[in-house]
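For clarity, chains are labelled A, B and C in written order, and residue numbers in each chain start from 1.
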Amino acid sequence: MHVLRHAPHGTIYTYEGLEMILIMAAYEQDLSVVFIGDGVYALKKGQDTSGIGIKGFSKTFMALDGYDVEKLYIDSVSLAERGLTADDLVVDVEVLDAEEIGRLMKEQDVIIHH
Amino acid sequence: MLHTINKSPFEKNTFETCIRFVLPGDPLLFIEDGVYAVQSGNRFSPAIKRVLETNPVFALGPDLDARGITALSEGVESVDYDGFVALVEEHQVNSWF
Amino acid sequence: MKIGILLKEGPYNHQASDTAFKFAEAAIKKGHTVDAVFLYNDGVTNVTKLMDPPQDDRNIAARWSELSKKHGVEILACIAASKRRGISDDVLVEGSAITGLGTLTDIAIRNDRLVTFGD
């Protein structure tokens, strides 16, 4: 399981996290991706990075499906406290509460936070 | 599942975020600047006390020593790197930054 | 038990590298196998031999190199992260190597634990 917890662009963690997810998916690992905290901003619609000189990558999340990464989860509290709803996001993700995500975490062999 | 936390709760919300996802019985281990959370009598002591009702809480001793922390919230256990390894023997690891 | 380590921060700026090293040492001392330390993000800068800290400070690259020599721990820097940060074969300390993220996938599979250190 990969946990994305940083906003995009301000640090490289989310971008390099996504690179890791794509490679691991290519190795046919059963992956899930969870967005917690500022990680939810990675999925926000309408990002335009042309003015900051950094390559945008929000659309890459749409490609995850093509790599068979279908288990995308988002923490309901993180979303709500940022004034966002699932409609504000570039991909379909399953909105879960913390206990549900906690139970998923407990099932994992490996968890990597980015 | 072992949850490690390495951020001071005064600077980052790592501890507050982490505990929302921790299941009862899962041990917490504070390391690096995370250990400031378990100094007794601080703003986070009540939260640590609540966690202790359902979960064991550890702090890495060398990190406590390095930061001059001697008074721990009651119930928090100090472990050395060997103790860290022992917790990893028992549990998969979820490292929160 | 077989343990893999993922280190996501560079040396000195963060304690992550120091904690990872201390943890690896303790695990080996307890009889576990530390199979590999995989370096990601700024973590790849842990193994440049160009680092030259003051005499009274630890040399983090040399320390990883020693661990590799003494205990056969593979110290592996991610190739994509390395290229971004100017880390190439020419600057690596002995005992370290550059490899792909596929190797991290293998490390995650073949070890009983993967312990991440970062910031």
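Just so we're on the same page, a contact is a pair of C-beta atoms (placed from the backbone, for glycine too) under 8 Å apart; a residue touches a chain by one contact, two chains touch by 3 or more.
Predicted, not measured: the structure shown is a model, and the values here were computed from it.
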Chain contact graph: line, ring, star, complete or other?
complete
Pair joined by the larger number of C-beta contacts - B-C, A-C:
B-C
Roughly how many whole angstrom separate the Cα centroids of subunit A and subunit B?
26
Just how far, in Å, is the C-alpha centre of subunit C from the one of subunit A?
26
If a residue has to touch 2 or more other chains to count, which residues of subunit C qualify?
114, 116, 118
Give the residues of subunit A touching no fewer than two other chains, as numbers and ranges.
109-111, 113
Residue numbers in subunit B touching two or more further chains are 92-93, 95, 97
Residue positions on subunit B within touch of subunit C in the complex are 6, 31-33, 60, 62, 80-82, 84-86, 88-89, 92-93, 95, 97
Subunit C to subunit A touching residues, read off their complex:
6, 40-41, 80-81, 100-102, 104-105, 108, 114, 116, 118
Sites on subunit C touched by subunit B in the complex
1, 3, 15-16, 19, 22-23, 25-27, 29-30, 32, 113-119
Applying the document's contact rule, which stretches of subunit A touch subunit B when the two form their complex?
5, 36-37, 77, 98-99, 101-103, 105-106, 108-111, 113
Listed in rising order, the residues of subunit A that touch subunit C in the complex are 12-13, 16, 19-20, 23-24, 26-27, 29, 109-113
